[in-house]
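Remarks on the structure that follows.
Read from first to last, the chains carry the letters A, B, C and D; within each, the first residue is number 1.
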Amino acid sequence: MVSGVEEAKETGRVEAFSDGVFAIAITLLVLELKVPHLPDGGRGRLAAALLEEWPSYLGFVTSFATILIMWVSHHRMFSYIRRADPPFLFANGLLLFVVTLVPFPTAVLAEYFERPGATTAGAFYAGTFVLGAIAYNVLWRVAIGRGGRLLRPGVSQEHIDELTASYRWGIPVYVLATVAAFWSVHATIAICLGLWAFWVVVAARNA
Amino acid sequence: MVSGVEEAKETGRVEAFSDGVFAIAITLLVLELKVPHLPDGGRGRLAAALLEEWPSYLGFVTSFATILIMWVSHHRMFSYIRRADPPFLFANGLLLFVVTLVPFPTAVLAEYFERPGATTAGAFYAGTFVLGAIAYNVLWRVAIGRGGRLLRPGVSQEHIDELTASYRWGIPVYVLATVAAFWSVHATIAICLGLWAFWVVVAARNA
Amino acid sequence: MVSGVEEAKETGRVEAFSDGVFAIAITLLVLELKVPHLPDGGRGRLAAALLEEWPSYLGFVTSFATILIMWVSHHRMFSYIRRADPPFLFANGLLLFVVTLVPFPTAVLAEYFERPGATTAGAFYAGTFVLGAIAYNVLWRVAIGRGGRLLRPGVSQEHIDELTASYRWGIPVYVLATVAAFWSVHATIAICLGLWAFWVVVAARNA
Amino acid sequence: MVSGVEEAKETGRVEAFSDGVFAIAITLLVLELKVPHLPDGGRGRLAAALLEEWPSYLGFVTSFATILIMWVSHHRMFSYIRRADPPFLFANGLLLFVVTLVPFPTAVLAEYFERPGATTAGAFYAGTFVLGAIAYNVLWRVAIGRGGRLLRPGVSQEHIDELTASYRWGIPVYVLATVAAFWSVHATIAICLGLWAFWVVVAARNA
């Protein structure tokens, strides 16, 4: 009953819904940036007050970069997918769950970055991305499993292996970033930034 | 005046608008997760403060799952639909109304889950899904009514009956969950989770 | 340089952007519904506290209905449009401006519905829809003007006149609703609800 | 492996994601408009209280206009683009970063427009648009660079030069608007409004 055109449409709608969730999660991050309230009206102090919010900006930039990289990765994965069945839809839902969650640990990290709670905040932040990396691996397993019937016909095994390999590093590196928070939250952030730089370079090389 | 291509486009735009509403409602849920404000900066207490918010997380997860399942169900229903006319657009609007409403009872439930107002909060939460189940049944009746002129040509009566049957259980089970809140809000949540597990299994079996 | 396929794509993107704005504005309305904060935990009083918020619910329902009707109307107008040029894009932007504004007068009306500021709040609410009705008329004039070069080829003059006529009542009726607020805010709401019922009936009759 | 149809689909998804971000950022601006809280219920004073918020409205209107013009410009640029590769996706991400940021300097400007912090707020506001103008230039360089392999085949050098020229004025004019804030925040707003009027006229002339 389902023709090729309908299949394309089905995948299109999963992408549209996912794009919506990615776009909203990435835009909601700005709501964590708070306008400083200065009783004297801000003469000569607004600039300082804005600069003091730098942990919020750092959180905004890193979370924006993360969600953008997750979207580019989602985009790339879906270029290999031909069909969406319910298990795939729910695995995609698990991934979107982590995406919608990102603004919360980001806000916690921004609030406690320079205070005693930084260890917990950093571990919570990186731990969320462990969950995200797990969700990517689950989604990809569902996509390539069951005889590859969800895959686009022309996709070679080489391309599949390449993408599988690119997901391999997410879980251990984010676990490392989570553990590192107990030593230094700066190390956590540095590991996250390093991983993102690595992925951007890999993506650019494959262009 | 309206050709087949235009009809496809019309349905496409209803889906795009609906996808947008689903995507935003599911992402706005995160705004209910509040960063704990600890005067001492959180040393050794941020983890505890984050864990104490567990009713918010439970509400987040259950509402995320509900909206995701509603979206998968919407997705499936629309795979049978060929045309959208104004009665169908307004029936779809009624369903989207319930979807946009979901973050509110979720927030009420998270706030009162472990306090005396739990009965009211649980009944309000499950009652919203009674409304959602009614909206799905109304939308489906509008879709298959009037000689099936909104349906895609190749859809068999068997498929229609199967979908009609799958919507049958929503209303009575959510009414039960609403009534159960007067006995125990945990029973309400258990019934909701059970129904979602049932739908996920049904969806996976039909894959 | 621009072929028929590209034209379709251009209009498609205007619709996608507009659908996004409509979907977000309609979903943001829920943020105006506030969880009641009861110091005693809500025993026997949460239900009453939720019911006391009825002006917020009324505002939510009427604004949801308004934006939904505006979307259905936008949907219908665009079924006649073939091309989008910059004047049309900016006229559409003016309409979207009013759509994004709607949550603000809705919140003002919900806050002051039963208090002395109700007159101002009601006039502000209905006045926003005067602006919306003007925006629809401007957009439609831009769409049908300049020799109809933005219109889809097969659209008859009869269809154009019918749509022009359907926009005719918006401005005077909303002006009446605005003026009525100085007498009674209930009259303002009644006029708005009456106009929406009228439009729903007209839309259903044209199905 | 990638056919023409797939390429169209890839660009389509970048546009859908970008449209989502533009649509959400433009709609979130309304959250900065605050309902006045008057202890006496607002008799005769709600109108005055609403009017006193005029810097918020000015910020809302100018930021709405900015994001709308950025979207129209994005729309026009993408009508020349055939393919999206990772460097282009990340350059587009940089632009979207500025778009999501806009509500924050808008809120700062609205808060401090008539207070001593206005200089800082105005420079911060216009400075954000300097960043936006840089992002547009970077994106366009990435799009037309590397032998034009991302461009649609039929695009003439004349069209490319015309678009390149239209981006030329953004950076210096916004730098001027940023510097002008140290003299007068009204001058900053006037320069921004003048530039937008100029772009609207240019866009309308090219229609």
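Following the convention adopted for this analysis, a contact is a pair of C-beta atoms (placed from the backbone, for glycine too) under 8 Å apart; a residue touches a chain by one contact, two chains touch by 3 or more.
Since the structure is predicted, the reported quantities are computational estimates derived from the model, not experimental observations.
> Averaging each chain's C-alpha atoms to get its centre, pick out the one most distant from subunit D.
Between subunit D and every other chain, the largest centroid distance is to B.
> Is the contact between subunit A and subunit D built from the same residue numbers on each copy (over half shared) or from different ones (under half shared)?
Subunit A and subunit D contact each other through largely non-matching residue numbers.
> What rotation angle, rounded to the nearest 5 degrees, superposes the C-alpha atoms of subunit B onto those of its identical copy subunit C?
Fitting subunit B to subunit C on C-alpha positions yields an angle of 90 degrees.
> Distance-wise, how many Å sit between the C-alpha centres of subunit A and subunit B, to the nearest whole number?
The separation of the two C-alpha centroids amounts to 24 Å.
> Taking each residue of subunit C in turn, which ones touch at least two of the other chains?
In subunit C, 16, 19-20, 23-24, 28, 31 touch at least two other chains.
> Quick one: which bits of subunit B touch subunit C in the complex? Just the residue numbers, please.
On the subunit B side, the touching residues are 1-2, 6, 9-10, 13-14, 16-17, 20-21, 23-25, 28, 31, 85-87, 89-90, 93, 96-97, 100-101, 103-104, 107-108, 111-112, 115-118, 120-121, 124.
> Which residues of subunit B touch subunit A in their complex?
Of all residues in subunit B, those touching subunit A are 12, 15-16, 19-20, 22-24, 26-31, 33, 35-38, 40-47, 50, 61, 64, 68, 71-72, 75, 78-79, 154-156, 159, 200, 203-204, 206-207.
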